[in-house]
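One structure below.
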Amino acid sequence: MERTVQQVQSLFSNVRKQTEDICLPLKPEDYCVQPVDDVSPPKWHLAHTTWFLEQIVLQRHHSSYSFYHPTFQELFNSYYQGISPKPYPRNQRGTQSRPTTQEVFVYRQEITQRVLELLESYPSDESLRRHVEVAIHHEWQHQELLYMDIKYVLHAQEMLTFYREQVLSDSSPSSMQWIDFSDGLTDIGKNLEGEFSFDNEGSRHKVYLHDFSIAHRCVTNGEYKEFVDAGGYQKPEFWLADGWHWIQHQNIRQPLYWSNHENQTFEYTLNGLIPLCSENPVSHVSLYEAQAYAQWAGHRLPTEFEWEHAATRIAPSNQDHFVDMNLLHPVSLDAHSRTFHGNLWEWTSSAYSPYPGYQSFEGSLVEYNGKFMNQQYVLRGGSCVTERRHYRPTYRNFFFPQQRWAFCGFRLAKDGETR
Amino acid sequence: MERTVQQVQSLFSNVRKQTEDICLPLKPEDYCVQPVDDVSPPKWHLAHTTWFLEQIVLQRHHSSYSFYHPTFQELFNSYYQGISPKPYPRNQRGTQSRPTTQEVFVYRQEITQRVLELLESYPSDESLRRHVEVAIHHEWQHQELLYMDIKYVLHAQEMLTFYREQVLSDSSPSSMQWIDFSDGLTDIGKNLEGEFSFDNEGSRHKVYLHDFSIAHRCVTNGEYKEFVDAGGYQKPEFWLADGWHWIQHQNIRQPLYWSNHENQTFEYTLNGLIPLCSENPVSHVSLYEAQAYAQWAGHRLPTEFEWEHAATRIAPSNQDHFVDMNLLHPVSLDAHSRTFHGNLWEWTSSAYSPYPGYQSFEGSLVEYNGKFMNQQYVLRGGSCVTERRHYRPTYRNFFFPQQRWAFCGFRLAKDGETR
Amino acid sequence: MERTVQQVQSLFSNVRKQTEDICLPLKPEDYCVQPVDDVSPPKWHLAHTTWFLEQIVLQRHHSSYSFYHPTFQELFNSYYQGISPKPYPRNQRGTQSRPTTQEVFVYRQEITQRVLELLESYPSDESLRRHVEVAIHHEWQHQELLYMDIKYVLHAQEMLTFYREQVLSDSSPSSMQWIDFSDGLTDIGKNLEGEFSFDNEGSRHKVYLHDFSIAHRCVTNGEYKEFVDAGGYQKPEFWLADGWHWIQHQNIRQPLYWSNHENQTFEYTLNGLIPLCSENPVSHVSLYEAQAYAQWAGHRLPTEFEWEHAATRIAPSNQDHFVDMNLLHPVSLDAHSRTFHGNLWEWTSSAYSPYPGYQSFEGSLVEYNGKFMNQQYVLRGGSCVTERRHYRPTYRNFFFPQQRWAFCGFRLAKDGETR
Amino acid sequence: MERTVQQVQSLFSNVRKQTEDICLPLKPEDYCVQPVDDVSPPKWHLAHTTWFLEQIVLQRHHSSYSFYHPTFQELFNSYYQGISPKPYPRNQRGTQSRPTTQEVFVYRQEITQRVLELLESYPSDESLRRHVEVAIHHEWQHQELLYMDIKYVLHAQEMLTFYREQVLSDSSPSSMQWIDFSDGLTDIGKNLEGEFSFDNEGSRHKVYLHDFSIAHRCVTNGEYKEFVDAGGYQKPEFWLADGWHWIQHQNIRQPLYWSNHENQTFEYTLNGLIPLCSENPVSHVSLYEAQAYAQWAGHRLPTEFEWEHAATRIAPSNQDHFVDMNLLHPVSLDAHSRTFHGNLWEWTSSAYSPYPGYQSFEGSLVEYNGKFMNQQYVLRGGSCVTERRHYRPTYRNFFFPQQRWAFCGFRLAKDGETR
């Protein structure tokens, strides 16, 4: 179903505003800081998503496009070597006080306006619409990154600081059940025709799955705490060699946002510091921690193919827990989460690799996904800070195994009984 | 077919001697040095393979085993946390002059003798034989590592130094041909019953392959040099992001053992420094370099499943180029290499992950393979420094993508025409 | 001459305001960033000088002092182990967006008020006055650091950014002359009685000087550029071993704030980017660069004793170039600089060591100076961003030999003819 | 008193042999390893002292000297940029197995012979004799370095390994006494005429000393252990800021060669592992530790000028403890050490800086001392592994403040009563 120009314009304007609204609770200083290399200052996201519009939409569709500011070309280039050979170093983003946040907002407004006018001028340009669509999805990705980075930034403050303070409703316990699947061929990935998807979701292809079972929900805080209390972080036999080295070297003893005060464990959330809720799924764990827990529990993580095969048996619904629920924290099954879609990104055991028949996007977008297919691992399912319209069951998110500032958890799997 | 005790003893003695014979051309000083963290001093390999016998064979089968020397427990432990919690740091191996090489040879002799006596005492102990078999395969792995490490050590000398000087016969050109395969299910991996294999080769399972074509031989020095001469190392568009960062940071511009003198390219080999032979396969390249070449050439690397499917169509033969050919350098197709087995380890695009139904070895050997299944990539095929009896077509070797001191090359693949 | 309470209050209020006025040209974002470890965010200086008042003045003179905010105790502690054993890590200061700048200004106002009231309550408490006096000098030090750090921060912006734009008057050339001194005993350092001085300036003691000559002015940009143009940064024979390693490793080829555009050299200043003025003294050079220039020129740097002996022959005057001249950049002799006092801190060849009879300040202030007497070198003379009332000819500033973001230059010396 | 050619030849031959004799107890492997960057493989010293003869003696006095081996020029160059711009990296010395130790001994023999022949040919060449004299002193320096490095190498072995095992005679306690000195001018340093000295000992110049007292002996193990037992390494108030950071970062809790077994403290020595002797002077401490002890004890370290002034009141004698006593370990006063000369190098508080009128050696030797006059500190007195004929009371040894593998200790000083 085709959107009208007005619908596209409206969606685009709405998305641009969404991004800015996420930052409303921030103080001016919060926009600028970069506590670790992985986390970009919020101001940078505001500027980069605008830079992206200039590069991907405006420059391509204007005959002789004049960029807003010459310095922005490098400064807000994330990693596109084809656009500028020396993108400003990622780990230095927190040193740049200029342009100011206010100047970035002006930049945003101006470029948003230019895109709206371009759409107005070329109402039936299909290529233009496709590029705007990519840009919208790109901006949705950065909205999720903003939630991740803001959470990390505020947590990094010596002064206890919150994004907001809000009470989440109670959760009720749910004992884990296995869903069983028989062996056979399954179809994986997205056909590039039709609905939007990223290049890394194609081509659609067959995968043979052996008998397997997968948990009906993610591992909970309560379950994970048993692993912690059993000395899980002190026993190398559960850990991958690199994971063991990582927790030793970084002195890691629990999930990223847990802390202990007087024999009680608390969790730092976008809603404040709350006592750890046993029924909620464990979040902000690395793949190493997920894998070690699974090893300790006598099971394993699912492959991304098992996950997709199981997940697509249940269509996404309005009950799924995405960012529009406005909880900003993963909750237990009986609240808003439904089985596979939303709530938490789930680590899989699958390395992030090209599918058979993979064709990258063209032009500058060739660098969007393919060049990162190395040593990262796939996460599936979307999260409580993911835009609902951005999600698809075939969506492949990816991080390095030690990264855990995304809203990520995991569910268990096991081989079928016959094996 | 069962071996007699005498046959096992004879094989074992022979393998132990093989290891020592590899070191014969070394000077006493060459046994001790460690030019980079990855490369262990030859003396360490001689001791570690002996330590392994104490841990895996003697201790398990002696009621109250008394270790040869208390300090050796940690000093020659490679990475087994279950055996000693603080294995001596890998990157410090080159600082240990003691025990001396002579003392290590005495240690070897003593432990070899103890194993032979144990076999004599328990002629029908199946478990003992299996452990000796593992130890033999372990020693064959370290024989290959000795060739790799000795090559690196001697190459690292400011004084031009060779393992030996020997002229290799001429090679003749062979233009690359594609072998085509149709889609369908294939069986991958080794059934754990019967012939020896490592745990990571199982369980045997089905994989669905789409139409693909694979090269009948590896990429040659001549072909790879075209890539170098075309500025391949200066163009980020061919490289994975991590690969590009690696070649920039390490200032890498060609394969590990190439050097240039007066407009000619030479290759450092175990047979001396020789002008680059265009027909021989390119070797000692990282996965990053292999992937970049494939990208430049418009193709891709095969998965390990495509590789195994193709390789097992041709059974290993006595013509395959393994270490007993005594060339110690990969050669072109028309010399000793045949299609897939031997000559060079070949990078695949497959991450090193557990197969469906994977069951690790038991006891201390649980750490043999499984804990390394993270961020490494699979190589297949054995090499000119691999023991022939150690090789199987299902053998999965693995290295990190930047490592290239193994005898490794690669062959191209592509999707079938129908995609 | 004793000040009245009102005079002390007035001076104190004035100094507190001075600090804030320095920051007036900054944008909110500029207060927060830390481009390198050495450079603190301006907001941090505003808070730390206030923290200092709580620690040194309020806590000591209130019977039961209640600190403004518990977190500030560690967060704004620069390095006083005696006050809190884990001062917040210096290199992380730029990650703290909270408290906000506005909150810091409120903090300042409140603490300033508390100090004023304390002075009011105890008009004849000598100890209180002495501590306020130390705090005022401490704040003057940080005013200079603010100029240094703001200059570095703004220079680190990819977008060309200035503190202010102001034209400096022209300079006229002045050829260097030697001032000769005969050998003999001289008195060095400050008697701790009377006028304020830091502990490191005492005790006053005798030093025997041999015949020497010292330049009547600092080395100029023009003179230094000859060294650069003569390949000075490419010739190891002029450099200390550590200095040579430093320029190689950091790829340093000229003073910190120099840049080259189309065959012209420019200098980044607090007044804008200006063409290099040959007559002005070279500034923002390291001790290594100063020493290499001197070596190249066939001379040496003065010791701090030679410098003080020469400098104290000319009393400081109102013509000396300190921050109240409001030039914020070193100028040539014939403008505002007079011989030794003001304009630029001058590197000496003297290691920063305790004088004979050195007695450190007491209490927390024991950590003010003494614990840094290691591997740093003394600079003398004050600079164009130094408060005039903070300066004394016996003042010993100190930095590590590679640090050059202070307003520092150097003058030459040589042994007397008779040697 | 002039030596005859035969006397020079004999001395030279003897010194060359001395060097080799030091290595006699080593196993072949011990010659090659480099446990830390500071410590060179013994083989390297054997080669470097020979390289030095080629560079400083043979090349200068042969009309067209042909070097022994082209690769040696860089490989055994320690740091002389003027001789080869890329001396082989210091921290890689332990990776070079070639040339072998045997080849190095042949190199030594050949070059020794060439020097002897040169002396024979030019019996009255004064310049030649002076250069041979420098080379002899250079070789004596490396003999001491050999003892230091061999001790470190053998101590770094996981297997308990000794240079030799020898019982030292008992020591008797000696309570510390102060020697008092009145203020006045003193003469410091060596006149360059006459007896051999290094360039850094000149020129002889006047220094004014204030009243001071200096201990009649070094701080003992027993005294230092009180500091350790009193928690000295846990209390920042005694430490220089850089020293505190160093012990925290390196987890240092006692002198380098101390170890604790079942509530007893042992000391690793060249004579074996021995229970800590309370009466012997503490050795192998850094300047940071020496300074912290002095601070804790309420005193300070002497300056090098105070030390020299005190030391030269007592002429060196045959009773002084140098290497020819063959104890290879510092002992208490009543055994072999006399007051100031020999036994242990003593840290002073003086930065290593040029004396007034300093003139460096000429030619390649310009790099011998001057370029290291940065951030290092002076030690005085010679040690139990110093060649007696190499020592002078004006001798200035120098190390960085954290280095402690030299045979170094310290004595206390304090200001005179009148201050």
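By letter and in written order, the chains are A, B, C and D; residue numbering begins at 1 in each of them.
The rule is short, and it goes like this: contacts are C-beta pairs under 8 Å (C-beta built on N, C-alpha and C of every residue); 3 or more make two chains touch, one makes a residue touch a chain.
Worth saying up front: this structure is predicted, and the values here are computed from it rather than measured.
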- chain B to chain C, fewest steps along touching chains: 2
- Task: State the chain with the largest centre-to-centre distance from chain D, centres being mean CA positions.
- Result: A
- Query: So what's the Cα centroid distance for chain A and chain B, whole Å?
  - Reply: 38
- Chain centre separation in whole Å, for chain C relative to chain A (CA means): 47
- Two or more other chains in contact with one residue: find those residues in chain A. none
- Item | Chain contact graph, described as a line, ring, star, complete graph or other shape | ring
- Query: Which chain B residues qualify as touching chain A in the complex?
  - Reply: 79, 81-82, 85, 183, 185, 203, 205-208, 210, 212, 236-237, 239-244, 300, 349-351, 353-354, 356-357, 366, 371-375, 401, 415, 419
- Contacts from chain A onto chain C in the complex sit at residues 27-35, 43, 69, 71, 74-75, 88, 92, 94-101, 153, 156-159, 161
